[in-house]
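Each structure below appears as structure tokens.
What follows is subunit A paired twice: with subunit B in the first complex and subunit C in the second.
Showing the complex of A and B:
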């Protein structure tokens, strides 16, 4: 199974594979979302509300955004590894990204459970 | 009939020059001067202070790799008729310049050595040679032809960014060449050797290596193959283990 590649034993593969797996999840979500929108075609506020209200939609959307943020985290970490060679500065930049992504995550949860 | 051709060549002699500079040459070429290396030798007849490496003059030794009009290549197999004038010649980027077009390739070869580019086989030596089926031998095609000129590695931005940590396309292709060799017994160690976030995974598929390789090889495919093999090995290793089940679902 791929799970063992995501452990500490594979420090390089873990990052590389996570980025690809999160990309797959996002691609699947987007396709499903487009198909669902084509079938249901919500026209007014009530229809949209009914579309986004079910728990499965909220959970799937939350999963999508979690994958998006993880994907972004890995990508930014890669860029920082390539361009920022001062370890202290890199740690601060990484922390800023971490904080921003965590805030986004809470914001998404707030939005999803307040519609 | 002599033909004039313009060149702009990177010059730097650390003993004399404070800074590198570009020197222009307007050289009369003879009919037999077909390749860029011929022109460089012609330039050297007029100005013997110009330094460059050369040896086999037929694209086999990899000595005269340089940056030609912005793209890495071998001077000896680059046709003069294909080049736009003035031909801008620089040393390969990303490595320290020793003088003019000569670069210090120590870092490049250190990475090459780090992948153990030789057969590791602990079986007793057979009387003649270690045999290989034609199919197994064919797996080395497209990799064993590498002449280690360094054109790919020095055109790779990932190598420019992390020259001390990222092995680079040439080294990684040689790693894959021995991983794929049916006679080699150290596949596991070789894969483990490349398992940190830098040595292999700094490759972002920029593809400059494929673009510049004078032997038309594909280091990017070799790098992708190493990643695929890591995944395959992980699958195989769990196939042999007893399956762990959680609530009747296969988890590991």
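Showing the complex of A and C:
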């Protein structure tokens, strides 16, 4: 059933599912992060830096932000479609959002790379 | 086949229906309140994304930028802003989990949906208070 719904015939279904899957990934990451922070409680720069440095933490964080940007892209697109009725204006706003999210992606890669 | 209304009659009926879009007299049911706040908090979180990235960058960049960030974050008005931000996050988080559970058909009857809305609002309130308690000193 689900596989059938995910074919090219129903493109919206994949967007719908992407929004949910990215939400689940983010929720798991955030809960794990909160637990880890409460256990380790990094209190200064050295401790915080040691907390962030491991490659698996940085990869997980990159995955989190990729999900976040995808999730935000889908959500903001829905909001724009609901409230901005002028098609030209909406296209420009959507483009601004797309560019911003792409820049954020490069930005977070840059930050995580240089930790 | 005789109970299919012709199109023009349907349009006439639509025009006769009472319509109220006055935001000050609409009383949203609690499910709708949770839902619209989920959307509003999502937009809010999207808008502060650059600030979150900037803060994260400052926290890992160097000891001096870390110190600058902690100084900035200890100002009371920044803390107030953070508490507001935590509301947006917690509401989006808990209401989002509620929507996910409804997607898998859990608690979808009207009565249960109203109950889960109240649960979400309580959880958000408690989480924001705990967060405020945590960061205020």
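Heads up, the rule we're going with is that the second predicted complex is superposed on the first by the 107 of 115 C-alpha atoms of A that agree within 3 Å, B and C clash if a C-alpha of one lies under 4 Å from a C-alpha of the other, contacts with A are read in each partner's own complex, and residues count from 1 in each chain.
To be clear about the criterion, a contact is a pair of C-beta atoms (placed from the backbone, for glycine too) under 8 Å apart; a residue touches a chain by one contact, two chains touch by 3 or more.
None of the values given here were measured: they were computed from a predicted structure.
A.B. asks: Scan A:23 for contacts with subunit B and subunit C and give back first, second, both or neither.
C.D. replies: After superposition on chain A, A:23 lies in contact with subunit C alone.
A.B. asks: For A:102 in the superposed arrangement: first (subunit B), second (subunit C), both or neither?
C.D. replies: neither
A.B. asks: Which of the two, subunit B or subunit C, is in touch with more residues of subunit A?
C.D. replies: Touching more of subunit A: C.
A.B. asks: Quick one: classify A:5 as touching subunit B (first), subunit C (second), both or neither.
C.D. replies: first
A.B. asks: Go through the superposed model and pick first if A:48 touches only subunit B, second if only subunit C, both, or neither.
C.D. replies: So A:48 only meets subunit C here.
A.B. asks: When the two structures are overlaid on chain A, which partner does A:13 contact: first (subunit B), second (subunit C), both, or neither?
C.D. replies: Only subunit B; A:13 stays clear of subunit C.
A.B. asks: For subunit A, which residues belong to both interfaces, subunit B and subunit C?
C.D. replies: In subunit A, nothing is touched by subunit B and also by subunit C.
A.B. asks: Which part of subunit A faces subunit C closely enough to touch in the complex?
C.D. replies: For subunit A paired with subunit C, touching residues are 20, 23-24, 27, 30, 45, 48-49, 52, 68, 72, 75-76, 79, 100, 104, 107-108, 111, 114-115.
A.B. asks: Help me check something: in the complex, which residues belonging to subunit C touch subunit A?
C.D. replies: Of all residues in subunit C, those touching subunit A are 39, 42-43, 45-46, 49-50, 53, 56-57, 59-61, 63, 66-67, 93, 96-97, 100, 103.
A.B. asks: In the complex of these two chains, what residues of subunit B are touching subunit A?
C.D. replies: Touching subunit A: residues 158, 161-162, 194-202, 204, 227, 230-231, 234-235, 237-238, 250-252 of subunit B.
A.B. asks: For the complex, which residues does subunit A have touching subunit B?
C.D. replies: Where subunit A meets subunit B, its residues are 1-5, 10-13, 15-17, 78, 81-83.
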